[in-house]
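For clarity, chains are labelled A, B and C in written order, and residue numbers in each chain start from 1.
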Amino acid sequence: MTGAVSSYIDERTSISGFVKLMGRKVFPDHWSFMLGEVALWCFVIILVTGTFLTFFFQASMAEVVYEGSYTPLKGLEMSAAMASTLDISFDVRGGLLVRQIHHWAALLFIASIMLHMARVFFTGAFRKPRELNWVIGFVMWILAMGEGFTGYSLPDDLLSGNGLRIIDGLIKGIPVVGTWISYLLFGGEFPGTQIIGRLYTLHILLLPALLVALVGLHMVFLIVHKHTQFPGPGRTNDNVVGYPILPVYGAKMGGTFFIVFGVIVAIAALFAINPIWNYGPYDPSPVSAGTQPDWYIGFADGALRLVPPGWEFVLFDTWTVSMNILAPIIAITIWIVAVMFYPFIEQWITGDRREHHLADRPRNVPTRTAIGVAGIVYYGAMFVAASSDLIATHFKMSMENVIHILQFTLIAGPFIAYFITKRICLALQKKDRELVLHGYESGRIVRLPGGEFIEVHQPLDEYERWRLVDFNDYKPLMVRPNSRGQINPLERVRAGLSRWFFEDRIAPVTAGELARAHDGHDSGSTHANELATAGQGVGGPPHTNP
Amino acid sequence: MSSPRRRPSRRRGRRSPLATIALIALGLVFTGSGYAAFSAVSAGDTAVAVSQESVERGQKLFAANCATCHGMSLEGTEAGPTLIGVGAASVDFQVGTGRMPLANTGPQAPEKPNLFSEEDVQAMADYVASVSPGPGLPEEEYLQTTGDATRGAELFRINCAMCHNVAGAGGALTEGKYAPSLKGTSAKHIYEAMVTGPQNMPVFSDANLTPEDKRDIITALKYQEETPAPGGFELGALGPVAEGLFAWIFGLGAIVALTVWITARAN
Amino acid sequence: MANPGSGSDIVPVDSSHGPQASAGTAVIAADAFENPGLPPHQQRVTDLDPKVDRRNERGVSLIFYLSIVFSIAAIAAYFAVPIVEDDPASVRLNNLFLGLAIAGALLSIGVGTVHWSKALMANHESVEARHPTRGSEATRARAVEVFDLADKESGFGRRALLRNSLIGALVAVPLPAIFLFRDLAPKSNDPAGMLAHTMWKEGTRLARDPYGTPIKASEVTLGSVFHVIPEDLEEAEHKLEEKAKAAVLLMRLKPEDLNVSAGRETWNYDGIVAYSKICTHVGCPVALYEQQTHHLLCPCHQSQFDIKNEAAVIFGPAKRPLPQLPITVDSEGYLVAQSDFHEPVGPSYWERRGDYDV
């Protein structure tokens, strides 16, 4: 029976070739490798629930009188979009559940994307050959935020309306073309009667289509490249160790879908999200305390709050330049562009054009890890600023102080975070070296014949040890003149960056070092100290240019 | 559900002469100090017969608990404003919600457990009102939740939500001040706050929001408070910040914990 | 080896891994450890004990049956906990029971499947070889050959005129689309001009938001705040658009508390002042009035304006003070506007001039 069916399909699709190719493909197991999959399943859940919602939602700003079930809004004029969202919530059985699943899944979608991005960044999984897939993922993150914002605006309630108004103000602040873009986008003056319909088209057609296409591409590249794996015994840059898609990984993937779906439905069953009936229909006059965007736009809203007073000027008495709008946009753009181009920048600095399939442990690349944490602090300062008012009330501070602290954090925080993270990474690397060289402290104290007390160390077995010593080591680039005896200024910059990247580094323990440490185990610890001071400032064997 | 817009809409129909009637009943009372003038004596101002006994009792309580800051004859000191003209409503609100007497100085007086009995509060209110008239205690009929919730919710959004949040969850003001949460605040205290404008809250006199408007607002607030939140637990009704935090910590936290289990090796 | 870290045993990584792939500045020690290979496979309890295996099998199937029960429970909840018209509490219960049952059904499938894969499916780690992402030399050569052939057969490289004219045509063809977007908005060619005016004009009465009842000066007492719309807003053709520009806050201060600049002496009426409610930063309603400090606060980005000093910015990202609406009273004592605002309200835009008469 199975044979007949599969034969029928294969004779019409050649699917046997696909199964042969894919069926036993191996995937490595690590929880952090599941984050992208969580994002994918969130997206599927959003598509499924979103389709249900489109059957009931009316993307129209035509004014109607609400006559639905929610008493405190009865008889009020509102847009058809708001009224139909209220109907979904109160008069469609299960409608509120689907709406809440959709919204919670959206919050988790972008959260899992960003956690996935952080995992890829900190493990160096963006290195060749995966740079383009990093960029694809990055674009999906931007599109996902676009999906989120357009969806947030659709109910046309007071909260989202004020959000749109902020977007309108932002757009108007763009030099030269801002006024026109706003005029065209809103189909006239804000708020107009067009914007909800237009955002709806973007939300359910253009953006999802792009996302689906990019998800497909992302997956194709994942299969072409095969997944990265963490270093470990038996794992090399030329193999992948794990479980085959059929059956183990297929089962785990399917199971993960149901688990993610189940968790989100459970949250939607228990916790309210975006109670638009509290906010009421959009009206340009009222506003609620605690008017914030959904979390993933928070960094943009926070950036707007962190601008000091007076950053706006008029050119030749004729044109207004709103730096209080442009400065946040620039600050965000710098961050976003840096995220997108980071793989290319790092490759230029290292000059390493090899394929990398072994994930870095973050501590083993201290500078990259420190840059990543600095970036998170920069983003985090803007993100936290979006809740400055709630921080003020909940931590009994004044909102002015909250803003000032966050302004300081935005500027100084990344540097402090960079420094601390790098030191922590180096310390962890030193700990790893110690472990490899001297093993675990066994807690057993032994008195030597000479009267000296030592603690017996339990050496690592070769598998544990390999996990700690298998990582890449780079030396800083030395500038050398080219064949005509000239030094390219760009090469000088690169050498400077390379020095910054690699001068504080700790090399992996070698077999020779371990052997020597065992030869002279009684002076082992002092030996390690010598190593640390003999190295280039921090530790590890010194490296001279060969 | 919804029907196409009809003219005149229900809202237009509400543009009633009620407000005009209320204006006629209006009296303006300005204080000599001008520190904060409270106006619009409500209709209940003279309705309650005040016993001399209560006033005397109130005077003693006032001398013991309030006079240090507000002066023996309500004239105010450097530590506290004058209470001339604030009326019984103000005393009932400030003492009744525990805001007064002030425990220590800060950006604003926080709500505390009220240490006085109902009679004591009443006595102090009677005393302050006897020295100089001001807004009296609200009449019972305006404290009922029988008003128009739609109208009340709309008035609340326009006049109150910018500080107190659309769900009455409260919000931040400048320099450490805040608009408190309205959850659990009695109808009487809500009404008194609107009439007297405690601390930095503006006054919503009967000329601005008629007693019927105030009743509608109370109706809407009480509806919101007493109706179980349709979507489930509200996470403090604080909006997207609370939702985002929840999504990250509990939502993604739960999912990450499960992925750890999914990828852990079975023993 | 006396010096463990001497340079002699640290060598650049050789680049022979892939064709032409430079290892950059990577180095490796000559005496680096060797990969010990996969550790020996460890058997699970389910591999060793058939009883445990069977118990797990039964457990997983029980979980799957549980899922069916949850699915049926969800359908039951749909009917048993219905939504009752005009009762939000019923929505809460419907949401809760329907949601928990569906969540249970989904989680059961997920947990069951994952447990099956972990405990019962073969768990020998497989090793799959990786191959360089780039094609083999032969494949690459063939690809180049294909392109060359296509070039030769089409003449794409050789027939420059043909090629360039096609490129030109392809560049030109999207241009009409840009023009098609023009009619996203009405045909007026002066969006900036529309931003510069509101519906306030001489004699328009100030009215309460949202019901449009006019306000008498005598009603605006010290310490109060009125949220104001033009009395004729309801008649406006574009009600929301007009309201978005015309919303005003009305407050009364003691006249001696107001610092009035030259030219604005007549804009307040006996200490009653009207300011635009639309923030000059990005346009949120600046609606929070503190009656003791006379500060206005925008809840969106925390700009603060001082009403005593003509709404000058004292904190936050806004630069310009809120525009003031000149007001007076009419013969019946109602507050009326003297004119429109003297400058555009709301957020800045490029065409906003710097020389408004304020």
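Rule of thumb we're sticking to: a residue touches a chain if its C-beta (ideal position, glycine included) is under 8 Å from a C-beta of that chain, and two chains touch if they have at least 3 such contacts.
The structure displayed is predicted, hence computed values, not measured ones.
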{"item": "Chain closest to the middle, measuring from C-alpha centroids that were averaged per chain", "value": "C"}
{"item": "A-B or B-C, whichever has more C-beta pairs in contact", "value": "A-B"}
{"item": "Between subunit C and subunit A, distance of the C-alpha-averaged centres to the nearest whole Å", "value": "16"}
{"item": "Centre-to-centre distance between subunit B and subunit A (centres being mean Cα positions), rounded to whole Å", "value": "43"}
{"item": "Averaged-CA centre spacing for the pair subunit C and subunit B, given as whole angstrom", "value": "33"}
{"item": "Numbers and ranges of subunit C residues touching at least 2 other chains", "value": "88, 91, 95-96, 114, 118, 123, 209-210, 227, 285, 287-288, 299, 315"}
{"item": "Of all residues in subunit A, the ones touching two or more other chains", "value": "71, 89-91, 96, 100, 252, 255-256, 259-260, 263, 268-270, 283, 285-291, 388-389, 399-400"}
{"item": "Where subunit B touches two or more other chains at once, by residue number", "value": "11, 154, 158, 162-163, 171, 174-175, 179, 229-232, 262, 264-265"}
{"item": "Residue ranges of subunit B in contact with subunit C within the complex", "value": "11-12, 14-15, 19-20, 23, 26, 28, 30, 34, 36-40, 154-155, 158-159, 162-163, 171, 173-175, 177, 179, 197, 199-205, 207-208, 227-232, 261-262, 264-267"}
{"item": "Residues of subunit B defined as touching subunit A within the complex", "value": "1-6, 9-11, 107, 149-150, 152-154, 157-158, 161-167, 169-172, 174-176, 178-179, 220, 223-224, 229-235, 237-241, 243-248, 250-252, 254-256, 258-260, 262-265"}
{"item": "Interface residues, subunit C side, partner subunit A - complex", "value": "1, 4-7, 9-13, 15, 17-18, 20-39, 78, 82-83, 85-88, 91, 94-100, 102-114, 116-118, 121-123, 125-130, 132-133, 181-182, 184-186, 191-192, 194-195, 209-210, 227, 229, 238, 240-241, 243-245, 247, 277, 279, 281-285, 287-288, 299-303, 313-320, 346-355"}
{"item": "Residues of subunit A defined as touching subunit B within the complex", "value": "29-31, 33-35, 38, 62-68, 71-77, 80, 83-84, 87, 89-91, 96, 100, 104, 107-108, 111-112, 115, 158-159, 252, 255-256, 259-260, 263-264, 267-275, 277-280, 283, 285-296, 298, 386-390, 392-393, 396-400"}
{"item": "Complex contacts: residues of subunit C adjacent to subunit B", "value": "44-46, 88-89, 91-92, 95-96, 114, 118-119, 123, 208-213, 216, 218-227, 234, 251, 254, 285, 287-293, 295, 297, 299, 304, 315"}
